[in-house]
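Below: one structure, written as structure tokens.
Chain nomenclature is as follows: A, B, C and D, assigned in order of appearance, with residue numbering initiated at 1 for each chain independently.
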Amino acid sequence: MAQGKPRVDVDMASGSREPAARRWAALRWLAAGVAHYFSVLLFFGLWEFVARSGWVNPWVFPPVTVSLAEWGRSLATGDIFHPMGLTLLRALGGLTMALGVGITLGLLMGRYRLVEWFFEPLIAIGFPAPKIAFLPLFVLWFGFFNTAKVLIVFTSCIFPLTLYAYHGARSVDRFYLWSALSKGSRGFALLRKVVLPAALPHIFDGFQVALIVSFIVAFVAEMVTGGGGLGFEMIKAAQDAETPRAFAMLFTISLLGYGTIKLAEWLRALLLFWHIEHEAH
Amino acid sequence: MNSAKVEIRDVTKAFRSTGGSQVTALAGISLRIPENEFLTVVGPSGCGKSTLLYIIGGFLKATRGEVLVNGVPVTGPGADRGIVFQKYSLFPWRTVMQNITYGLEEQGVPRAERQEIARSYLRLMRLEGFERAYPRALSGGMQQRVALAQTLACEPDIILMDEPFGALDAQTRKLMQVELLRLWEQRRTTIIFVTHDVEEAIYLGTRVIVMTARPGTVKHDEPIALNIARDKEDYMLNRAFMELKMRIWLNVKEEVERYGEVARS
Amino acid sequence: MKRVVRGVSVLLALVALLAGGAAGHWGFGVAQAAEPVTFRIGTAIPDYAYAFFTERPDILKHYGKSYKIEWVKFTGSGGALSAFAAKKVDLSIMTILPLINAATKYRLDFKVIHSQQDHGVDGHFATTFMARADSGVRRAEDLKGKIAGVNVRGGVLDLALRIMLMKHGLKPDSDVTIVEGQFPHLGAMIRDKKIDLGSIIQPFYSREQKKGGLIDVFTTVDAFETAQPLSFRAAHGSVLKEHAAAVRDYVDDYLRTIAWGHDHREEAVRAYSKTWKIPEETLMDYFLTKKDTLYRRDGVVDVTLLQKVVETLVRTGFLKESVDVSKYVDLSFLPAKR
Amino acid sequence: MPALRKIVVRFLPLLLVFGAWEALTAPRLIPEDFIPRFAHVLRALGDLLSSAEFYGHAAASFSRVFIGLTISIIAGVALGIGMAWYRWVKRFCEPLVVLSYPIPKPAIIPVFIIWLGIGDLSKIAVIALGCVVPIIISSYNATLSVDRYLVWSALSKGTSERRLLRKVIFPASLPRIAVAIRVAIAVAFILLVSSEFIAANTGLGYLTFSYGSVGSNDYMFATIFLIVAVGFSADRGYAAVMQRVLAWHEFGEL
């Protein structure tokens, strides 16, 4: 896909190669692999150097090796899995609810004028609203434990999901609709059988955005309102002046998010195989 | 010794397909295209005729073999070879005028001169009054006229055309063909024109090449020497034209069928 | 192409340079500044001194002459500690746990220089754990199987609650569920039966009392078995060394504002209300009276009381080993008796 | 006049929601501890808007948003295009970008404080970091999906590879980059609050949190309203400008 140099030439390889050339290719591949993570290594190296240089208090900003060791320890003892599970549960719980409601709402907005009229300004205004500021109030309204946190994730995810589904529904080619109408599809069936699949690429865009939002919001909700989970453990570690543990929590959420991003991309390729975007590659 | 404007020497092109297997698009094509020739290339879809054009243009590199233009090997794209695609030749963010002056701008022609040249092509292509319009406001036929003007304004040595009228409706297409012929007869620029329409190929070309199905090779090479005035309306009803059309079409049909079988197996 | 890349890298380098320069400028602004010195003071959001300093600069004597203040506000003493440890503030609010962490984990060179709020000293208010009057929770031992709310788990009130529960034979996490809620909301949560017990501070204690229906179950004094200095101001050793005179002036002005508050209560209420938008009626009820935590006119941090808190923490197992608090308190910056 | 009616009709749902809010809170159907009366929020709004102090906070916040956004746009577009264009840039940046994407930005404020201090820089950095990733990703994708025929068309008219970026790649990917920037604007206003919630002395986010933590909920809601109002206007303003700049393109709604 991405080539160095302008993409004058789109083909990937040409002709057969000599064995020596193939060895070279293998070597290059290996070098590319190292190069791929070079930036992360460099970043960690810089971090380690700075933390050990004496410019900062190493108990305030511990070396990366210390943080990674603490991370390894908590993975080995397994004491990180419980908070991880809690955060995942909250993130995905809220996201699932938002998926159901947001997609339905978005599609309805895209098809029915009255629904659009009522919700469009609310969504437009609600999207840039800082949801994090409502966190304490959510606890007050919905209680402790998981409800408030799942609901704040839900509230944060529903905006991108609705918006993308709405635009997806509006951009459905009218010929699809006409074709379905002429075959007798009406109302909800039309929505489910034609509008939903046709809007799916847009909806998936929204899903990929909301996925990240759900992780971030779940984590921040735990930071601010407690109740266990990676965010809570991080804040607690910071309060107890156990900074390496706080970084371990950050590593965990980062990798967890990374994994789900990749999973979502894979899912997209699986579900949207019929969509034009794959012909481009 | 080398009197050919474009010489294609044993050009082979292999792609790696998405599945990872090698696909040979072109297999050892050699051709000599003399100056002032209007070469049209027909063949079944997927036979690599566009690939060949892109190799001449310098956009793709041949896996083996080479292309010489004026005796010099092609190493990349250049302003000596203008190209017109079926679509997307125009920059949507530039107005008609800005699109036509684009190439001149790139060659460092002073502003006043650019405007003047562009204006002459605007007239030639009957686009007056649309100078300030953006491409998306134009019809398909007008867009292709702008694309042609854009390419002509650079005064290329060779014009490469990749099914330029393929997306147009029948009437517009006919008018554009007439227009193109008129231009070619005035200037006699060497043109290599790829199409899947046999009638178009015979009508426009001074020589028609039929390509085989993948891997593409030259199957049939026929100079068009019909002694008829091409601007006459009944040109295509001429008996000689019909015979020629039938002969070439049979060649193409054979390849289309063969390609179908290859694809099925 | 190359030109663009070069342009971008120059730009990025510039940004980095600017960032570095600015960090150097702001981050270490204290060190070489000529008179007056600017102190960055970390404080909690509802701080009294902040309101008085900003609303009534006319009562200050040295401000703007020998020193200036840049206030930085934190939602809790925990967040303030990490900024203090990173030397991004010169002086900071501190409570007992951050003090212990600063001393034993961050190994900072710092001293506590004046008190801020004292809990329960001389009959003054101490944070009170309240319950619904009709809930049957009257004493700590009634809490078995119930839910208790504190502002932050791992904070000093959480510890007080846990100590109290342990003293009454309950295991904090298995017998009682401890959850977090913000101070302003805990009262409403008790009424709404979301929690059975909550830690209530002022001004919310006054509000809840006025509304009625809630009873006091115990206070932090009951838990720690002593009145205790709740919050105090700490400063980096280097700041104290380099700017001793300016620090003295600051402490002098600080005490001046506290004295002014006590002496001109109505004006103080007005200033505070204006800063934090808390209605004056609510404040009039308790502000700087016995119903409020004690703001000492002399600024003295009672080391004996503080040490007693530490010993309670050690005895109940919340601290592994004792810390000698007196090593971290230096009252020499307080003015000689006025 | 019809324009005014259109606006009224458009925002009627909002008024309905506010009306319902007031109708539920005024007779204390919902206790005021749970949600302030809408009328009180309006009163607080008026009070804030008439105090000079408030504008200082607003200026502090919006300058942070503005600078943070500007940095993220410049860096994001440059990196996104660079990643699509140069293999080494992609190799270098991709892992960092993808790994930093899911990191909750408020969680790294303490780290920013250590490096950039307590002042504006750490807050600008939070906003810039939060906004830059979506811009990088979109610019990257936009650049990759520039039609190769456009590139070829330019090359065949003598455009050098060096100039290609400015003449073709950048304008061709502009519509998608413009959409990404629009998303980034919304993100920036969301982050405004988080960036000011750990250590601050100025800014609307700081006000929001401090009013919240002393129980002045009416004022808290009022500040949030103002942030949203400004965010919303910024979004609409941006859309209007882009509609003009990208007149050649059908600038979509999103």
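Here is the rule we go by: a contact is a pair of C-beta atoms (placed from the backbone, for glycine too) under 8 Å apart; a residue touches a chain by one contact, two chains touch by 3 or more.
Every value quoted in this text rests on a predicted model; they were computed, and no experiment measured them.
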| remark: At the largest C-alpha centroid distance from subunit C we find chain B
| query | If you tally contacting C-beta pairs, which pair wins, A-C or C-D? | reply | C-D
| task | Could you grab the centroid distance between subunit A and subunit C? Build each centroid from C-alpha atoms only and quote it in angstrom. | result | 37
| query | Which whole number of Å gives the spacing of the CA centres of subunit B and subunit C? | reply | 79
| task | Please report how many Å separate the Cα centroid of subunit C from that of subunit D, as a whole number. | result | 33
| remark: Note: subunit D sits from subunit A at a C-alpha centroid distance in Å of 18
| request: Note the residues in subunit D that touch 2 or more other chains, in rising order. | output: 33-34, 85-86, 110, 114, 148, 155, 161, 163-164, 197, 209, 212, 217
| Set of subunit C residues in contact with two or more other chains | 79, 82, 86, 182, 184-185, 188
| note | Expected list for subunit A, residues touching two or more other chains, is 8, 10, 56, 60-61, 136-137, 140, 238
| query | Hey, which residues of subunit C end up touching subunit D in the complex? | reply | 1-5, 8, 11-12, 15, 19, 22-23, 26-27, 40, 42, 45-46, 70-75, 79-80, 82-83, 86, 88-89, 182-185, 187-188, 191-192, 203-204, 276-278
| In the complex with subunit D, residue positions of subunit B that touch it | 54, 57-59, 76-79, 81-83, 85, 87-95, 102-103, 106-107, 134-136, 150-151, 154, 156, 160
| message | Which residues of subunit A touch subunit D once you look at their complex with the stated criterion? | response | 1-8, 10, 32, 35-40, 43, 56, 60-61, 117-122, 124-134, 136-137, 140-141, 163-164, 167, 170, 209, 212, 215-216, 219-220, 223, 231, 234, 238, 250, 253-258, 260-261, 280
| field | Of subunit A, residues touching subunit C in the complex | value | 56-57, 59-61, 136-137, 139-140, 143-145, 225-227, 232, 235-236, 238-242
| Residues on subunit C engaged by subunit A in the complex (per definition of touch) | 78-79, 81-82, 85-87, 97, 101-102, 105-108, 147, 149, 152-155, 179-182, 184-185, 188-189, 194-195
